[in-house]
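Chain naming follows the written order as A, B and C, and within any one chain the residues start at number 1.
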Amino acid sequence: MSERLARFGLPLAVVGLLALVVAVGPNLGLRIAGSDPAPAGRLIEVLDRLPADPAVLVGFDPDLGTYPELRPTVRTLVADLLDRGAGLSFVSMTPEGRALAVAEMARLDRLGAPRGSVTDLGFIPGAEAALVSLAGAISGQRPAAGPPGLDELDGTDLAVVVGGNDLGPRSWVEQVAPRAAGLQIVAVTPTVLLPEVEPYRASGQLAALLTTPGQGAAFRERTPAGSFPALAERAGPSPAAIAAGLLVAAVWLASALLAGGPARRLLRPTARR
Amino acid sequence: MRHEMGLPMPSPADLVGGLLSFVGDALGVSSFRLGIGTTLVALGVLLVFLQLVARPVTRWVTSDPGGLAGVGRAMALAAEAGTDAVFSLGTAGLARSTDAFGRLQTLAAMGLLGHVARAAARSGVPVRVLVNDPLAAIAAATTIESAHDRTATRERTSRSRVVVVGEGRGPSAGLVMTARARPAAAFALGNSREEATLGFEGLRGESGTALTAGTPEPSQAAAALLAGGGALIGPELFGAAADLQSDATERTSAVAANRLIVLAVVAIAIGSALALAGIIHPDGLLAGLGGR
Amino acid sequence: MRRATIPALVIAVGLLLFADLLVVNPALGDLAGVAVAAVIAVAAGAAIATGTTLAVRRGLDLWRRRGDPVGALAVLLGMAAVLVAGLRPGSAGAADPAVGWIVAALIAPIGATLFGLLFLATLSAARRSAIRGGREGLVLVAAALVLVVALLPIGGPLGTALSGVASWTLSVPIAGVFRGILIGIAITAAILATRTMFGIGPADE
């Protein structure tokens, strides 16, 4: 591949492709929700099996970098739970998670969430010790060590884990699930954690799991507007933007393989240093 | 027999009976939290390891997948270039709000820091250690001092330093991406999650610093492989120290892990065959963890 | 002679919490609860110590004009802004609007922007790896290319077919490999945890 072509041709082609996709994207039938609807269905089944006015514990520990990916799904899930009459208790065990939890609870209060439906359990340090303390509070087996309100978790019907930070669904399955028998745990995590949390969903240790933008979009499509439409966030990432990013990545990777002479190199023995 | 208060002393038989009664009552109100299957697996790990500790391993075949045995060459290059070497201990730390798995990775990387620090001390290369919590900083500083003690180069200790980059994963990635200094050798060993690619690219820099990257985080295995240079992925970080020094504890740990992995593979193969034949459902044995 | 106090404490607390994990017993649970509460208190102290240490180190860097003075000043100003906003008289603490503004307008966008660079960094690393020609890098990049195309959010029959390819790839070969890695990692981490719990360290440290 000539240097001039590599220097100017490829970038121009990529830009042209991007412009084309963005311009005609909505008319191409781009849709991210249809790719994998089963996980959304599983979560909705779990929510439908909840008793009336359920008590829901929200373990809110996303991280700043990946929360934009989860935000529309998390807000729609919270709005749906409030529509079902749920009492939500927010707790965080990481500093970033706590900062985002405070912002989300302030938003719920500002946009008209029912009074008394959201309880702030604050930030509990200690990582796994905090989770053990929570599990003890949920099962009523020992006095809880932590902020006020923790001793009212006895009778929690569902735990919703918003992951992405250092303490995620894996830690909840390891520490809370064995100690709080019968508690169902569902999780919303960024795509990067898909390979490590999917086995927990497959084994049933997580009752439901949403990890990709497509799964989140499918959940948002299937969730009715309910009594608090302002609390939900229906608009997710643009399918055209996702398609454009994937196409850029595909072109870039393909050009790299061509520049590297893959066929020749695959046949040549290489030793890992 | 009567003691001073006039009450009869309990006989040995009474004491034994009371003790048995206490133990019986305690067992009566106790139960297995995880179910018998999972409890046996957890105890099995302890038993396999402790049994090997009692009889240390003598035969060993070195593999060194990360290329850390050649760190002396990297230090020689750093000494010629007149720069320092950078060692990032990852972003889990020891006292942060992170899971135990991440903290164990920091502990495993601390041993590798010792190896690199000794090579650097011998070559007269200062080491800059990046951490994001003060407890890890203390442990890293102690490791550096110990390395200089062992190599009789205490006069060089003050040239190395430990940098606390700040809370969270973002500061660590931001620091290495924006730092102007270009070390001749860089090591990123420990827990790295979403920021792994940013951190590895930042440490490599435009000048192509020789980088050894390793993290047991399964979602970041590709990041370590794409970083170029030596890579430790999956469980390799935990076993790397066994290839670098003839320490009985490290090699015993590696052999214990290998035996347990073989047992796990055999159990998966047999369980899969039985499940396909419809004879048993293996997840029932692990029902203590909610498998269904 | 090394002091045995700390290792003995580690072994005692570790075995207590391990026993509490395996066995449900009220007395054992109460004792473990005391240990858990102590750990939470120590972790809270460590969190405060982390912030204090960072401020002191950056302050010393600025005072002695070493390292990155601009970065040190930025760290100190940022910490001061959040502390003043949250602790001033009449403030609502972490829920105060001023703290919320700092988080929403400064911290969150900076964090999100930093991780937005992952896209570029990953593509750069993949290209370099493919051009270098190592077998592992080439297989990785080729597999990524196939999956990237399969994940395109296209509707219609083509999109359904690509979605099926992506789902199968993620749930069969990729999930299989990841489960193997997860099992290996879990076992080696359990061994290291056992060593830590029993205070068995390497001979030369």
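What we mean here is this: a residue touches a chain if its C-beta (ideal position, glycine included) is under 8 Å from a C-beta of that chain, and two chains touch if they have at least 3 such contacts.
A quick note: this is a predicted structure, and the numbers were derived from the prediction, not measured.
Peer 1: Between A-B and B-C, which chain pair shares more contacting C-beta pairs?
Peer 2: Result: the pair with more contacts is B-C.
Peer 1: From the centre of chain A, which chain's CA centre is farthest?
Peer 2: Ranked by distance of C-alpha centres from chain A, the top chain is B.
Peer 1: So, what's the distance in Å between the C-alpha centres of chain C and chain B?
Peer 2: Measuring from centre to centre gives 15 Å for this pair.
Peer 1: Quick one: chain A and chain B, Cα centre-to-centre, how many Å?
Peer 2: Centres of chain A and chain B (C-alpha means) sit 28 Å apart.
Peer 1: Could you list which residues of chain C touch at least two other chains?
Peer 2: 21, 26, 43, 46-47, 110-111, 114-115, 118, 126, 132, 136, 178, 182
Peer 1: Which residue numbers or ranges of chain A touch two or more of the other chains?
Peer 2: 63-66, 95-96, 125-127, 178, 194-196, 272
Peer 1: Pull out every residue in chain B that's touching 2 or more other chains.
Peer 2: 33-34, 96-97, 100-101, 167, 170, 194-195, 218, in rising order.
Peer 1: Under the touch definition given earlier, write down the residues of chain A that touch chain C in their complex.
Peer 2: 28-32, 34-36, 63-68, 95-96, 98-100, 102-103, 105-106, 120, 124-127, 129-130, 132-133, 136, 141-143, 145-146, 178, 194-196, 198-199, 214, 239, 242-243, 245-250, 252-257, 259-262, 265-266, 268, 270, 272
Peer 1: Within their complex, state which residues of chain C touch chain A.
Peer 2: 21, 26, 29-30, 33, 36-37, 39-40, 42-44, 46-47, 94-95, 97, 99-100, 103-104, 107-108, 110-112, 114-116, 118-119, 123, 126-127, 130-136, 138-139, 141-142, 144-145, 148-149, 151-156, 159-160, 163, 166-167, 170-171, 174-175, 178-179, 182
Peer 1: Spell out the part of chain B that touches chain C in their complex, as residue ranges.
Peer 2: It comes out as residues 26, 29-34, 39, 42-43, 45-46, 49-50, 53, 95-97, 100-101, 104, 107-108, 111, 114, 133-135, 137, 143, 146, 150, 163-164, 166-167, 170, 173-175, 177, 194-195, 197-198, 200-201, 216, 218, 221-223, 225-228, 233-235, 238-239, 241, 245, 247-250, 253, 256-257, 260-261, 264.
Peer 1: Which positions of chain A touch chain B when the two form their complex?
Peer 2: Touching chain B: residues 63-66, 93-96, 125-128, 164, 166-167, 170-171, 173, 177-179, 190, 192-196, 203-205, 272-273 of chain A.
Peer 1: Which residues of chain C touch chain B once you look at their complex with the stated criterion?
Peer 2: 21-28, 43, 46-47, 49-51, 53-54, 57, 67, 71, 75, 110-111, 114-115, 117-118, 121-122, 124-126, 128-129, 132, 136-137, 140, 178, 181-185, 187-196, 198, 200-205
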